[in-house]
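Next up: the structures, one after another.
Two complexes come next, and they have one chain in common, chain A, joined by chain B in the first and chain C in the second.
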Partner chain A sequence: MKHLALFAAAIALLALAPMVLGGHGLSVMTLTLTNLVLAVGLNLVAGYCGQFSFAQAAFFGIGAYTTAIMSRDLGTGVWINLPAGIIIAGLFGLVLGVPALRVKGHFLAIVTIAFQTVVYLTLVQWTDFTGGQNGILVPGVGETSILGIIRFNVQSLESYYWLTLALAALAIIVAWRLVHSRLGREWIAVRDDETLAQAVGVNTTTTKLSAFVASAAFAGAAGALNAYTMRTAAPDDFTIFISSIILAIMILGGKGTFLGPIVGAFILTIIPESLGEFSRYKMLFFGVLLILTITFLPGGIMQLVRNARTRRA
Partner chain B sequence: MTGTETIMTRPVLEARGIVRRFGGITAVDRVDVTVGEGEIVGLIGPNGSGKSTMVNLLTGELVPDEGTIRFAGKDITGVAPYRRARLGIARSFQMLRMFSSMSVEDNMLTATHIHMKRGLLSSLLNLPSARAEEDEVRAKARDLLAMFELEKFARRPVTALSIGQQRMVELARGVLSEPRLFLLDEPAAGLAPPNVDRLIALIKRMRDEFGISILLIEHDMRVVRELCDRVVVLDSGELIAEGHPETVVNDPAVIEAYIGKGWSRRAQA
Partner chain C sequence: MDLFLQYLANGIVVGSSYVLVAVGLTLIFGILGIVNFARGEFYMLGGFAGIGLATVLGLPLIVSLLGVVAFAALLGFLAEQILNRQVKDKDPTNSIVSSFGLAVVLQNAALLVIGPQPMLLRTDLSMVPVEIGPVYLPLQRALIPVAMIVLVGALHLLLRHTWVGMSLRAMAQQPTVARMCGIRVSRVAIVTFMTGAVFAGVAGFLMSSVFMVHPLIGNMIVLKAFTVVILGGMGSVTGAAAAGLMLGLVESMTSAYLGNGLRDIVGFLMVVIVLLAWPQGIFGRNLERS
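This part shows the complex of A and B:
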């Protein structure tokens, strides 16, 4: 109950952000929340289930191109495109999950890099379908309604921010339920000891696949909505660099902890975007920070929080 | 139950003619092992005799090159480990294994997923029915932890416990999963003598109160003598003796396998 109250208060506070933030600030906040959904999703497979993945941006892209292509070819709106992005990204998550059943550790990391690269190259090369390097323009969400009851017009920066905030809130709730369900306990069991997990009756095959699917589905949702916010889907937004940023967010925050990727998303999106003209050195910043974190603070910021708590207790 | 073969009840586990080779080495060579309903069977033998290979064949981590394994009348020879667990085979590990990031209680609960009747969806949505089921299992877990004198550790991280206590968690976890057969792989290893007495009492209770049949792999001959209805002895992958523990330990072939040829002749003399 305490958790729920804190969560509601945080969302309410964030909903008020447009009152104090200008255009740039609001764009940064929208990006923060998008990164949050990506990192919370990555944490399911990499943090809880222990299956490393460098491919989160690929699923992000698959979600974005689902919106872009379906808007272009079928003329469907956000309430079709968003679930479609989730489902299609989830199916691709299953595709990546299959080799992950056979390889572990570094080898798995390499497989996910390969997957990420194949998706990126497909987006660039399949020009007829994906628009190639230029990508696809996406119409705005525009006037829409939830089940014809709550009507609203999504055009302004604020309204895209709120929509992204709603998605982030939903993602956090779904992630909370996932990791606190039986399935979440099985993910952790597979991460901790696969042999033991099998010995107590956990089907490690389906358990791992479910983590890949869930993780990809979160990225698909973020992508499907982000295509609207950006009004475009272009391949360079879905490179391995973006995957690395999401990974850095999760690791700096604390992988395998619930709050880690959430805290990480705020810190690692807001700080680099505030670097002003130094922001071109963003990747350098991420790289150095990632190395330092893994070396000196493998549990991330949440490890600091936990240490402080035990010291007080 | 004199020195001769005991007459077995309906077999729970029936492994026949099991052969397993690693390259040119035959680790297990035409071995038969059966465990009857409610029986405690010891599997002993010197180091490298094929005990561990046999355990891994029975749990499904290895698949035999020849032979069949039947469990509760069903052929399970090629069945995956997690399915065997679901059918009712629990195991403990020679090298202790724990879900190291979980609490003692969560370690136990993970072993009960196989019995959860409520669907995954109701668990995801945290429906009252799923919560009730989980509470019920939690209560059962607490009862068992009390039996193993671990109740005050329920919410502790499992790694905060001593190795001896973790061994007890391992047993409690196995019992909670309501198996028909429990494979205990050297449960007394690393236990202090007073704890070995407790272990013996607990294993007896597992059989008498919970009706669990047990296959016990053990080096500590006191444990074997006090618990086992029947003992199977392996040496170099072959079954060299079988019978009541007291008969078997005096069997010349067994003495020879353990301490060498010269000794056995002197022992016979």
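This part shows the complex of A and C:
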């Protein structure tokens, strides 16, 4: 109950952000929440199930292009595109998961990077379908309603922010339910000792595949909504660099902890975006941070928190 | 038929550079069990260093080559300090993340210092034609497979017949026993990293006359190297050599007969197929892929 109250309070507080923040601040917050969904999703497969993935940006892109292509060719609205983005990204998660089952460690990292690159190259080169390097323009969400009852108009920056906040809140709840379910415990079992997990009757194949699909589905949701927020889907937003940012967020926060990627998303989105004239050093900053964190603090910020707690106890 | 032979020659040139980058990767993995994602950046920096020495400073090619070798060896030394010394005994995924971070740092440092402008190495040798039957190559390109054969041959001799090579192979087979026999493990690690970096740097220098060098080129190169290593079998130098040439040829034929857009994708498709069909690589021995 304590967790739920804190969570509700945090969401309520964040929902009030447009009252104090200007246009730039609000865009940064929207980006923060998008990164949060991506990192929480990555944490499911990499943190809990122990299957490293450099492909989160690819699934992010698949979600975004689902929105863009469906709006363009079918004229569907957000309530169809968002679930479609989640499902299609999840299916691609399965496509990556099947070959990834055969490999571990370094090889897995390579396979996910290869997948990320193939998706990027396809987005760039299949010009007829994806619009090539220029991408596809996406119409705004506009006037819409939930089941025809609650009507609202998503046009302003604030309304996109609230929509992203709603998605982030939903993602956190779903992730919480997942990692505290039987499936979540099976992920942890596979991460900690695959042979042992197999010996006690865990089906490691479906367990790993489900982690890949769940992680991809989170990224697909973030992408499907982000395409609306950005009003465009273009390949350069889905490169391996974006994957590395998501990875840095998860690692700095603390992989395999529930709060880690959430804390990481706030720190690693807000600090680089407020660098101002130094923003061209942003990627350099991520790279150095990635090396320093993994070398000196592999458990991330949550490890510091845990250390402080045990010392006090 | 004449065109086919020309594509074949082009494939061998490009494949030779893949061999050079992949050999270092497979060497470091075989001996230290570490995968270095920053290899593509050694290639990129080798290319820029070579262009700086040969084109900007106007030094003779052989002097530039030696400069690139020294520079790449220094890079390898520094990389070993960051990737091996610090994270060696912890989780193996840590070295993946760490080397990935190093790759991002080097790319962005190059972007800031050198700028995004692609550069090409121009030398007098690019004007000298070499014609073998219907195949035409500028001398500069024809020298790339030659350099590859010389370097891989030298590595082979080094590994087989010298004291350093024997300790490297001992490390690859049984690190603990090697340490007990008095091999200085830390020195072996440095030598391995430096050798790997020199191979990648020289490849970058040689290829800077064929493909433009730019700060982000390493991404693609490191993926090619991984493709080669997966196809050839991790840890196998011979496998890397064969698979590197094969990848170069397949790519050349794909871009000639199926379309240039598919060129970079075909390698990854091969990787997926190989992983599903022969998880140890086509030329690999049985070892767990972890």
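As a working rule, the second predicted complex is superposed on the first by the 313 of 313 C-alpha atoms of A that agree within 3 Å, B and C clash if a C-alpha of one lies under 4 Å from a C-alpha of the other, contacts with A are read in each partner's own complex, and residues count from 1 in each chain.
Methods note: contacts are C-beta pairs under 8 Å (C-beta built on N, C-alpha and C of every residue); 3 or more make two chains touch, one makes a residue touch a chain.
What you see is a predicted model, and the numbers here were worked out from it, not measured in a lab.
Enquirer: Under the stated touch criterion, which partner chain does A:I110 make contact with: chain B (first), chain C (second), both, or neither?
Expert: second
Enquirer: With the two structures laid over each other on chain A, which partner does A:N134 touch: chain B (first), chain C (second), both, or neither?
Expert: Neither partner.
Enquirer: Is A:D192 in contact with chain B, with chain C, with both, or with neither (first, second, both, neither)?
Expert: A:D192 contacts chain B only, not chain C.
Enquirer: Looking at the overlay, what does A:P99 touch: chain B (first), chain C (second), both, or neither?
Expert: It touches chain C, and chain B stays clear.
Enquirer: One more residue to check, A:L178. First (chain B), second (chain C), both or neither?
Expert: It touches chain B, and chain C stays clear.
Enquirer: Of chain B and chain C, which one touches more residues of chain A?
Expert: In the superposed model, C touches more residues of chain A.
Enquirer: Residues on chain A in contact with chain B in one complex and with chain C in the other?
Expert: On chain A, no residue contacts both chain B in one structure and chain C in the other.
Enquirer: For the complex, which residues does chain C have touching chain A?
Expert: 29, 35, 37, 82, 86-87, 90-94, 96-98, 100-109, 112, 219-220, 223, 226-227, 230, 234, 261, 264-265, 268, 271-272, 275-276, 279, 288-290
Enquirer: Which residues of chain A touch chain B in their complex?
Expert: By the definition above, chain A touches chain B via 177-178, 180-183, 185-186, 188-189, 191-193, 195-204, 256.
Enquirer: For chain B, which residues count as touching chain A in their complex?
Expert: 59, 61, 80-82, 85-86, 90-91, 93, 97-102, 106, 109-111, 113-114, 116, 120, 123-126, 173, 177
Enquirer: Could you please specify the touching residues of chain A with respect to chain C in the complex?
Expert: Those residues of chain A that touch chain C are 52, 54, 99, 102-107, 109-111, 113-115, 117-118, 121-122, 125, 240-241, 244, 247-248, 251, 280-281, 283-284, 286-291, 294-295, 298.
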